[in-house]
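I have a structure here, written as structure tokens, and I will follow up with some questions on it.
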Amino acid sequence: MDAATLQTFTSPVVLFFVLGLLAAFARSDLAIPEAIAKGMSLYLMAAIGLKGGVAVSKSGVDSTVLIALALGIAASFLMPFLAYAVLKGFGKLERINAGAVAAHYGSVSVVTFVTAVEILEAQGKPPGGYMVAVMAAMETPAILTGLLLARGMGSKDGQKTGELLHEVFFNASVVLLLGAFAIGIIAGEEGFSEVTPFFEAGFKGVLCLFLLDMGLIAARRIMDARAITFRLVLIAIGLPLVNGAIGTAAAAACGLDVGSAAALGVLCASASYIAVPAAMRLALPEADPGIYLTMSLSITFPFNILINIGLISMLASALTGMPGGEGIAP
Amino acid sequence: MIETVIRKRIEILTDTALLSRVTDAVDEAGITGWTVVPVNSGKGRDGRWREERVMGTDKVFVLTIAPEDKAQVLAEALAPVLTKYGFILSMWDVEVIRGERF
Amino acid sequence: MIETVIRKRIEILTDTALLSRVTDAVDEAGITGWTVVPVNSGKGRDGRWREERVMGTDKVFVLTIAPEDKAQVLAEALAPVLTKYGFILSMWDVEVIRGERF
Amino acid sequence: MIETVIRKRIEILTDTALLSRVTDAVDEAGITGWTVVPVNSGKGRDGRWREERVMGTDKVFVLTIAPEDKAQVLAEALAPVLTKYGFILSMWDVEVIRGERF
Amino acid sequence: MDAATLQTFTSPVVLFFVLGLLAAFARSDLAIPEAIAKGMSLYLMAAIGLKGGVAVSKSGVDSTVLIALALGIAASFLMPFLAYAVLKGFGKLERINAGAVAAHYGSVSVVTFVTAVEILEAQGKPPGGYMVAVMAAMETPAILTGLLLARGMGSKDGQKTGELLHEVFFNASVVLLLGAFAIGIIAGEEGFSEVTPFFEAGFKGVLCLFLLDMGLIAARRIMDARAITFRLVLIAIGLPLVNGAIGTAAAAACGLDVGSAAALGVLCASASYIAVPAAMRLALPEADPGIYLTMSLSITFPFNILINIGLISMLASALTGMPGGEGIAP
Amino acid sequence: MDAATLQTFTSPVVLFFVLGLLAAFARSDLAIPEAIAKGMSLYLMAAIGLKGGVAVSKSGVDSTVLIALALGIAASFLMPFLAYAVLKGFGKLERINAGAVAAHYGSVSVVTFVTAVEILEAQGKPPGGYMVAVMAAMETPAILTGLLLARGMGSKDGQKTGELLHEVFFNASVVLLLGAFAIGIIAGEEGFSEVTPFFEAGFKGVLCLFLLDMGLIAARRIMDARAITFRLVLIAIGLPLVNGAIGTAAAAACGLDVGSAAALGVLCASASYIAVPAAMRLALPEADPGIYLTMSLSITFPFNILINIGLISMLASALTGMPGGEGIAP
């Protein structure tokens, strides 16, 4: 374990996540009220959106931004194919469940991204502000691919498809992320400065408590899990490793800076556990939430937070040749 | 003594995300109204759920009071969805005051 | 086999702001207790409501279990208010254990 | 017309802290599931309670639907605890669709 | 649109309100949990009360304060008469509904006031701290006038009147506003400094999220509205214009400074959607919330936030001859 | 009333508590949503735990820490015996209720401790960071003594005892306090600095709103109280006086500094109203919450906040001969 990974484990943000895991495994009754958890998640999305927008209002939009967007959207569309093949072949899932799980791994986890940004910034490798827009853009394409894989081309139910597309494009997190992003661009640094104490100073502390809750939820779910086989556990660890490496490499090859390349890698590695499960309940009610939620939330999410973000950060430094922080320093 | 009439009270457990499907069905059955009550957690064939807000898969109860015939229409309309999404529908007779409004 | 007795279960939908009127009526009817359950949203003749907390016009359910005669007293006492404020009262027979306490 | 069957709907008011005792009893009675509904406040022989979260003595409703015989098993299993902790259990007949799952 | 108005539209506070409106119109499922919204509104009232009290503890109470109080109370008592006449005549509402709506327009909206203070401060025209007390004093008189108009003098139900008066004078917002105001006076600047980071630094950020929620609620309500005629829409825009202008002019004539005059104008222009609706449900259950809530919350409130505060600010500058900020600067 | 006591009454933290009491007595409908109150209490525990842990990471663990821990644990075990004797003798409670109440007075109130820390710091007598661990350690021993007194040695129900012990040692507040304490030690000052704006700057403000809520709840409970006799009121005031004095004296005799001695006194004086009531509902369902909650929450808690913390602070200064702040200054 090198310095960067160690540093991860002394960050309060990660430590609170570990506390949540431990408390749940010890069957403590510690719990964050639902409304508070929802409030914190809205806060985090508004804050990260604003921050990204302000950054873009300063840096402007250049070709790198467009490349990163294109990369992210392509990844979200394409990653489910790989996931689907593995889930059906090695994972022995049938079509419907394989498609549903694949959609999760193509999409992204906002909290994983936010945690990665904190860790990358602490390592001196801040990602570009536009990565927030990339994240928002990556939320939905995977849902379409996943549905296609699960149901085949012949989906006839037009009314429901319209409902689903609406749900997918106007779901709360996309609207809030992109809305706050736009506000950040319009308000700019000066306008943003008014709300800095709230949205910037409080950010890490809120993230601590939110990750405490995520730790509790992830651990409780896995203790109740029934439908998870050992093969699925392996996939839930293997996919983020592979997707993360591919995403980071592609981003580095396209000339993104070290922080942004790592962030794109993390986005590829992360699996959705908010937007996509909701969409799947609507569109694929036959799929088993016990499989897709447990894999994305209870295995992939902790694995990314505790280990994979550190690995991706190192990979990005190696590939871009820009050490940035202590990532590969002696 | 005050006059009461008999109506059906129908109770449907549904995913929050699918709430509008249920309430639309209530409206289409010509029932005058409905009320939504929150639900904390539960257990069924698919195991336990709780704190699902993160996943948007939490549930609510939809309660509605209707005359027998409209209740029947609603039950028929919802039956296919029930099986598909694992909802629960139960109903029973209740006495209500101001029966003309239901 | 355990012994059960039949009681009325009464359910009243009321504005939160007017909750104390309903619970006072329950107390005055000589009923031993009541329980308040939150409500999220609803639709009636006046249209939809939800998230009314800003306006202080949100609603709750008051549940109470009582012997038939007291239930009747309560229904009579509330009937005028029901019509005026658009509350809803329904009741039905339930079996309870420890019947002596109701 | 859609087919319905008769089941018992059982409703248990319990302290949140003791919820697992009740749900364990439901599981042990061989009932397929249960649902927990929040409760705001109430009044009983021990006086009013509300906002008890600070004290961890707040309450919830546990709802479950079961065939008559299992309902009876559950009621028997819970009877002693009811008296001791001041819980409330009531049950009544309901019509359900998809009766085979309960 | 001059600089001041433009600036309004680059303020994050207003932009979040617009985001809420747009998200609801797009039928997004974005929603702030009820408990969080209530918590934010308690926070805003405590903070604005404290701030006002601290300001008064510094400036002391002079005749201006008493004049402003008298003006505000008089306005709250009298404004419902004008509103009632217009609502019955032009608006074609019957007596009960006209009285209920009139009470709303005589009373005040805390959030409109708070937003106005933010905007006025950004324009260099901060209102006096005592305006918080004026606001609290204006909440209730209008309720009495409105009831009088709706029911006539012959209200016989003594018990219920007592209950109503208690409800009206000890309702949560009056108690919290005046309580925090008193605490601000007692604690003074020194005592307040301990809690500044929470109550001052976080204020604008919380206001952003609160206005996001208000935008969502206002837009959703109007989409469901049924009882609203075109004439009522006109009244819901015309009344704040007229009341605002009268209030500002009266305040300026009485010698209030530019910021306080504008604040009094905003208070007159604003319509209650918290305290008064609750009181009306108690006292006038026959009145239709679909009318009074939709008018005050979904039409007047957005109109004030987006347009009228800017207009009143300019009017105050013109009338007091004190430009203050960029209001009327070239 | 000397300067220190007076200062207590101009602290916003205490004033908000008084506001809550007054609002409830005036039967205002002011109320903090349950989820917000729970969220604030989690925040306060996480913050105080972190702060304590960071302090210990700086100061290290020496014999004083161990002495304070031993003192606290001994006090928690032993204090219930005195309380039980008084409650049965003078208070005329029967065995079960006397044991249940005694457990409350042996255990501690986190909010009383937190408020005391704020007041002591403002007086220039900050307690040692390790006192947080002492507090956590004092939560549970009293429960065991209380049960012993209530039920005698012959508790046969092994399964339930196991359940109870688990509940008691892994209850939310113990886990969060000690968990955050550990995170504070691991993260150290540097790691903590990232989250300072959230956990430190906001602390007093959150405490204000939390005490507002506690004031509302305490006053409402006493207005509904039925089972409380005048003798029990006397005990609910006498016990914190005696326990507080004993605790402070013992701590001073053992060489703790003035702030820590006062803090230990406050811990002894305080009565639990969170962890212990929950445990009593499980283990002694026959005991009457109307007695133990009303005594600890509605009498002892306000008495400690408003008067006893000030007294204990003065006593600690006198006994340690270290004035610290204005405590005994002229």
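Order as written gives the chain letters A, B, C, D, E and F; numbering starts at 1 within each chain.
Note that a contact is a pair of C-beta atoms (placed from the backbone, for glycine too) under 8 Å apart; a residue touches a chain by one contact, two chains touch by 3 or more.
Here the structure is a predicted model, which means the values were calculated and not measured.
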Shortest hop count from chain A to chain F along touching chains?
1
Among the chains, which is located farthest from chain A on the basis of C-alpha centroids?
C
Distance from the mean Cα position of chain F to that of chain B, given in whole angstrom
46
Determine the centre-to-centre distance between chain C and chain D, using the mean Cα coordinates as centres, and give it in whole Å.
19
Inter-chain centre distance, chain C versus chain F - centres from mean C-alpha coordinates, in Å:
39
Sequence positions of chain B contacting 2 or more other chains:
37-38, 92
At least two partner chains per residue is the criterion; list those residues in chain F.
31, 33-36, 38-39, 167, 197, 201-202
Could you list each pair of chains that touch, in label order?
A-B, A-E, A-F, B-C, B-D, C-D, C-E, D-F, E-F
Chain F touches which residues of chain D in the complex?
15, 17-18, 46-51, 53-57, 84-86
Touching chain A in the complex: which residues of chain F?
33-36, 38-39, 42-43, 46, 50, 166-167, 170-172, 175-176, 179-180, 182-183, 186-188, 191-192, 194-195, 197-199, 201-202
For a test of understanding, state which residues of chain C touch chain D in their complex under the given definition.
1-2, 4, 7, 9, 23, 27, 32-38, 60, 65, 92-98, 101
Going by the contact rule set out above, which residues of chain E touch chain A in the complex?
10-13, 15-16, 19, 22-23, 26-36, 39, 122, 197, 201-206, 208-209, 212
Within their complex, chain B touches chain D through residues 13, 37-45, 59, 61, 72, 75-76, 78-79, 82-83, 88-92
